[in-house]
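What follows is a set of notes on a single structure, which appears directly below.
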Amino acid sequence: MRLRSVKVYLAVLLGLVLATAPAFGQAASTPKVDSGDNSWMLVSSALVLMMSGPGLALFYGGLVRKKNVLGTFMQTFAMMAVITVLWAVVMYSLAFGHGNAFIGGFNHVFLKGVSLTPNPTYAATIPEQTFMVYQLMFAIITPALITGAFAERMKFSAMLVFSVLWALFIYSPMAHMVWGEGGLLNAALGGKFPCLDFAGGTVVHVTSGVSALVTAIYLGKRIGFPKEPMPPHSVVLSFIGACLLWVGWFGFNAGSALASGTLATSAFVATHFGAAAAALGWLAAEWFRNGKPSALGGISGAVAGLVAITPAAGFVTPMSALAIGAIAGVFCFYMVVKVKNIFGYDDSLDAFGVHGAGGTLGAILTGIFANSSINPLLGAGKATGFFEGNHTQVLNQAIGVGLAWGISIVGTLILLFIVDKLIGLRVSPEDEAIGLDLSQHGEEGYHAEASAH
Amino acid sequence: MRLRSVKVYLAVLLGLVLATAPAFGQAASTPKVDSGDNSWMLVSSALVLMMSGPGLALFYGGLVRKKNVLGTFMQTFAMMAVITVLWAVVMYSLAFGHGNAFIGGFNHVFLKGVSLTPNPTYAATIPEQTFMVYQLMFAIITPALITGAFAERMKFSAMLVFSVLWALFIYSPMAHMVWGEGGLLNAALGGKFPCLDFAGGTVVHVTSGVSALVTAIYLGKRIGFPKEPMPPHSVVLSFIGACLLWVGWFGFNAGSALASGTLATSAFVATHFGAAAAALGWLAAEWFRNGKPSALGGISGAVAGLVAITPAAGFVTPMSALAIGAIAGVFCFYMVVKVKNIFGYDDSLDAFGVHGAGGTLGAILTGIFANSSINPLLGAGKATGFFEGNHTQVLNQAIGVGLAWGISIVGTLILLFIVDKLIGLRVSPEDEAIGLDLSQHGEEGYHAEASAH
Amino acid sequence: MRLRSVKVYLAVLLGLVLATAPAFGQAASTPKVDSGDNSWMLVSSALVLMMSGPGLALFYGGLVRKKNVLGTFMQTFAMMAVITVLWAVVMYSLAFGHGNAFIGGFNHVFLKGVSLTPNPTYAATIPEQTFMVYQLMFAIITPALITGAFAERMKFSAMLVFSVLWALFIYSPMAHMVWGEGGLLNAALGGKFPCLDFAGGTVVHVTSGVSALVTAIYLGKRIGFPKEPMPPHSVVLSFIGACLLWVGWFGFNAGSALASGTLATSAFVATHFGAAAAALGWLAAEWFRNGKPSALGGISGAVAGLVAITPAAGFVTPMSALAIGAIAGVFCFYMVVKVKNIFGYDDSLDAFGVHGAGGTLGAILTGIFANSSINPLLGAGKATGFFEGNHTQVLNQAIGVGLAWGISIVGTLILLFIVDKLIGLRVSPEDEAIGLDLSQHGEEGYHAEASAH
Amino acid sequence: MLKIEAVIQPGKLDAVKDALVEIGVQGMTILEARGHGRQKGHTEFYRGREYSVDLLPKIKIETVVADDIAEKAINAIIAAAQTGKIGDGKIFVSRVDEVIRIRNEERGEIAI
Amino acid sequence: MLKIEAVIQPGKLDAVKDALVEIGVQGMTILEARGHGRQKGHTEFYRGREYSVDLLPKIKIETVVADDIAEKAINAIIAAAQTGKIGDGKIFVSRVDEVIRIRNEERGEIAI
Amino acid sequence: MLKIEAVIQPGKLDAVKDALVEIGVQGMTILEARGHGRQKGHTEFYRGREYSVDLLPKIKIETVVADDIAEKAINAIIAAAQTGKIGDGKIFVSRVDEVIRIRNEERGEIAI
């Protein structure tokens, strides 16, 4: 959808240009790289990688106990390495190649035909390889998000195998359905159920968050949970990580305009506003409930807001972004603080509470707040969201989210079962006790012994 | 002023373009977004946010005692959330709306009329929303800078209320006077006392630094100061923060060109040169005085240089930038090391010694070193700074700085008084003893207990 | 070479443009700043600075013992300050001024004549000052890389003097030979032995890595090495640093296109792919050999891959980048794990094992994998690398590398000898025992005493 | 008065503390320690170097109690800290001559 | 010879150290500790979870002194560390049989 | 049984540990400490402030041994930790009344 939105947008822009610069006429037929757009998209790609490492790695790594800090880092870092190769080999083709409504094909395996000229289907002013590497960064962070749910107890080998399978069988089709040419939910390129998902609320956050819930339940609780206290070993690290996530998210959301025009600006503003309002929302709820607003609460709220604004970023006004953020901050607070405790599952770092819940909420709110003045994706001036008068869009959003939930639950269960049978998912109780750093990686995060001065 | 400078600049550029590409003629009348400029300004906005979080938060957070690390983080982080909402509601309008010589109006409340097309008064080639969000990042970091002065002893609630009032009643008018249309000190848009302030030496650093001094004195010393040793709990964190400040400052200064043309390059180079020379200056002074150059000295010097070069960045040659940096490094060293000790106030993290003193120095030096060959803001070829022959500019600079000092002192005193009466500024002695992390936020930065491997 | 490649590239692009937009005809003769290119190059400059601080500083700082963390930071940070001034005074002129095949001249001392208009010899679409400051960032990180070899035992003063001399007498001529107009090895601007080095494999990594080896041997081992265990005091810091290096390296490599066109995209993709494959390679080798893949291994592999892909980035296909990365990951693992132990030198942080070895390997592999379809530097359609049929290129690469080895060994030895005689290289055994932080800088990285809550 | 020093597995701190409090031993001081004993350590690899780490994280609890309560305290600690595996730790008991409460300068058993 | 172990508030370390040095007790060893006693802890919240933390940061000072100086040392510690509030800490005194200075193998009181 | 407490230079930990293990003393507990003594500290500067730091990093080793092996252990520690310079540290020896192995509740010398 963001693809179509961009195209529509560019068409409008081009119209303006053509009116004043007829010499550019032919440019429309031969797609040409725009140095400004490409500059922005390269930066955005770098920013989204920075969200994974060090951003998410630190955010999660600070929340675990000291003995698991490197193991937690590695679960994200390994994605940066493994998914990259997988993407080049086959995943890009499965997500964005020619296929059917559900999945792409094999025409781009080994990046065959993915050239340095623009592919106007997806982005008319940047090299297709820019588009490819930008999308790759999304494919990296999505499985990394899941790892928050099974923190401190999964085998590194099992995590690798599971993530590879998950990327192939859950991420690829979801990305294709929502963003791929002819995808079932693609609002821009002829999908049956046009679902608005600007930067991956459904593709990234709902899938990873729901899969996270499933893995948390399947693997069971950490030994000692919830009796033993397991406070974050360093909210300091998490704070650094969260701030880098916020900064990187500009690449994630504003980069999803696939150009550096006004749509990027709009998404940038919405992103920042959503994060800020959600941080306030969570802090306020916490202050009200616990008597004190915490730093961990502030950053959790910001992340929740960033998640919720992700699908909406290119569709809503700044003021709507504030509203979405505030709602998401309070909502995710109660998901994490209340709902989790009621059900008692050990979603260790709240991957579901933040990404699953926030992503679902954001997708629905997108259907409510989306506005054609920001993004005439459904046609200039045509009502887009609920408040604008398009009451069916919420339904389409629900269909998209529902599909994502369904695929994530069923798919994740099957994959977990397979990996569990093959090599076992959980580390031994002894290994869990000494921690992932030593048991899985043979090293420690900090060496006090080294302080021998 | 940076606005006018940009406009002049763009006019020159446009002239060049027009000479060769007549087809572009009409573009001048309908402002059009330039993808390259917008790309740079979005990046700059992200960089300036990164200066606050994690940059400044880490820089300050490392300098306090362990028990206050999260509380210190939160004082900056809260600005990222609160000022954003405030900005959207009314502050942008007060700073950049239509008003008089002292303050803007209410025409842009709730961002009414702040669209995605350029506002040529301020920036002709980027969407006004880009300009708006970029300026917001400045409004966030400015009150955050003050928090260094009252570190380790102010109530979180009082800090919030004070910062909101300060942003409204001190930052907004100062920003309007220097950068707003028709502002009293605006050198580009018809101010009475044209004062050169490229990226906020006066608006950001003088106001925050002087207000910091006032709060430090008003609140009084930390319990135990200066007898009890209070070394930084982690120069490591401060180092990371300072480096990120340096990197982010490119967005702050070079971004203030509001385009990615040659003026941005010039400001970028001056920024880097100023920081480097100031780091050397501080290190040399320290080596000379204490016998050893320290890492904390190096990073403090770099920050001092960045502060001092801020007003000058778009007006001076690279070699002048080196000079300004070197002077600032040595000057701020003596402010922090000698002057503070003579007067004995507890400006805990030297917000005044670095930002107040460095900003004031930089503003004056700008009047001395500014050169029309870099920025023909006062007219092409017309003497701009003292060395070029414009001896009155130093006076104008002094007027701008003096006004900023006056407003900051009086305004801050009033606001402190009000907040103190309303809810009290300082935490109780017990809370100060156990630290802000536990007393204000109910959490700890690091959990040794968690190291149970 | 990257210069020529860019120019050729731009020529092609321009051709396309000219065909459709004749009004642009004259632009070719008067070089004009492209806002998109300049935006990208300013960002790239910032990214490369971020590689030094905080990137490299953290990567190295985490690997040493706690008592040396700030001393290690300072060795990189000092370069950010000192080399900047040196560059402005004379180094830029020596590297890129008019000179002979071996070194530039003095025509640009104090940046005389380095203006804000493009210098088409080097980069036709960005201000020469952008080019100047971008190249400066390379000159900063190169001597900083060496410091990994003599970590934990060199005097700060000696390090400063040595680095200044090294920058002047080794870096400047190497940069000139490979990238300067008329340089001996410059493939783009008339070199005798055209050597492909897109972003500094030879100029940056081979020179620093080989010099590192020499200093490690000349200074001798750390006291206690190898008997005493000296594990990294914080793999956490190193992890953050390595991730920032990865992100920053996009500026290093893709920025070396000196524009934001398709060549930048190509280099960006190659960079990312090289890093990912090398991380996998190292992890696999480690898993195979030690039974466990480590976080330190993963990040070391990524850095090794980034080093190896540096000379190749703008010349190879994505698939070749994967191959180069994988080879480099395994190769550097064995260099660090086996070869170092066989010879027994104390290259404390493996500056040689990663940068020297990886850089040399990368330079050779560039000659093998370079492809004219990516970069028609040697003429459109003319065979470029070995696999394409140009069998002599490997020889040219070897000549370039050989020259870099020779100059680095001989030059470094001479400089070390001089500095040793002048002021002594090593700290006293007592100072080594208490650590660089206290002995050289009079401060400590972490203050447990401060935790008095 | 007797000083009981118990070196235990880090994960058992909470349980031991609660067990002591339950039998009325309120006062105790906890130290982070590393232990060497029969429990075998592990091997770590950093780049090319291999470290066999034989100092394992432990918690040391010190509590001074009246003579008559000592045996009860020891049993409480054992009950809470025992897993039956090597590395469970040890308890050392020694005599203390005097105890003073700093707050009010009380001395002897009343100050415990 | 007697070993004096004092558990004090972290903020009092400097004062106690200076007080001891003043009366001629140069040698001492300091450990970071956490204490459980009458002083009540606090509650921390992390996401949904609530932790009541009842181990508070303390400093433990150990100094071995000659018998005749012990009382003076104890009083010095009390004077410097006392605030009169709960949590001020405790002093434990016990007998030490032998002291050896590693540097020159001196033994007994002369080695203190 | 005797408790040997040795305060040593941090760099000597490995050597002392190995020396003890060699003579058959397996069990020991290590604590990070800071020491004050004759060894002079150093001065640190942070911005304008000067700190004279007179607490230096030390390692404290505690090991409980049977009476007959104590002297051997002391000598092993001295041999491994001595450099002859001020700051080498001290050894304190005191009596322990009881040792209990938590794992199997063994008591006395057999539990050491």
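Here the chain labels run A, B, C, D, E and F in written order, and each chain numbers its own residues starting at 1.
In this text, a contact is a pair of C-beta atoms (placed from the backbone, for glycine too) under 8 Å apart; a residue touches a chain by one contact, two chains touch by 3 or more.
Just so you know, these numbers come straight off a predicted model, no measurement behind them.
Under the contact definition, chain C and chain E share the contacting chains A, B, D, F. At the chain D-chain F interface, residue numbers used by both copies make up under half of all numbers present, so the two copies contact each other through mostly different positions.
Each chain gets one centre point, the mean of its Cα atoms, and the points for chain C and chain D are 52 Å apart. With each centre defined as the average position of its C-alpha atoms, the distance from chain C to chain F rounds to 46 Å. Distance from the chain D centre to the chain E centre is 17 Å, each centre being the mean of its Cα atoms.
Across the assembly, chain B contributes residues 23, 34-37, 39-40, 43, 229-232, 240, 290, 292, 294, 296, 433-434, 437-438, 442-444, 449, 451-453 that each touch 2 or more other chains. For chain E, the set of residues touching two or more other chains reads 11, 31-32, 44-46, 55, 94-95.
On the chain A side of its complex with chain C, the touching residues are 23-27, 30, 32-40, 42-43, 45-46, 49-50, 53-54, 57-58, 61, 69-71, 73-74, 77-78, 80-82, 84-85, 88, 110-111, 114, 116-117, 126-127, 129-130, 132-133, 136, 156, 237, 240, 437, 440-447, 449-453. Within the complex, the chain D residues that touch chain E are 3, 17, 21, 26-32, 64, 94-105, 111. Remark: chain C residues 13, 16-17, 20-24, 34-37, 39-40, 43, 47, 65-67, 125, 229-236, 239-240, 243-244, 246-247, 250-251, 254, 259-262, 264-266, 268-269, 272-273, 275-277, 279-280, 283, 290-296, 298-299, 301-302, 318-319, 322, 433-435, 437-438 touch chain A in the complex.
The touching residues of chain B, counted against chain F in their complex, run 226, 229-232, 286, 290, 292, 294, 296-297, 300, 336-338, 340-341, 350, 353. Put simply, chain F touches chain C in their complex at residues 11, 14, 42-46, 55.
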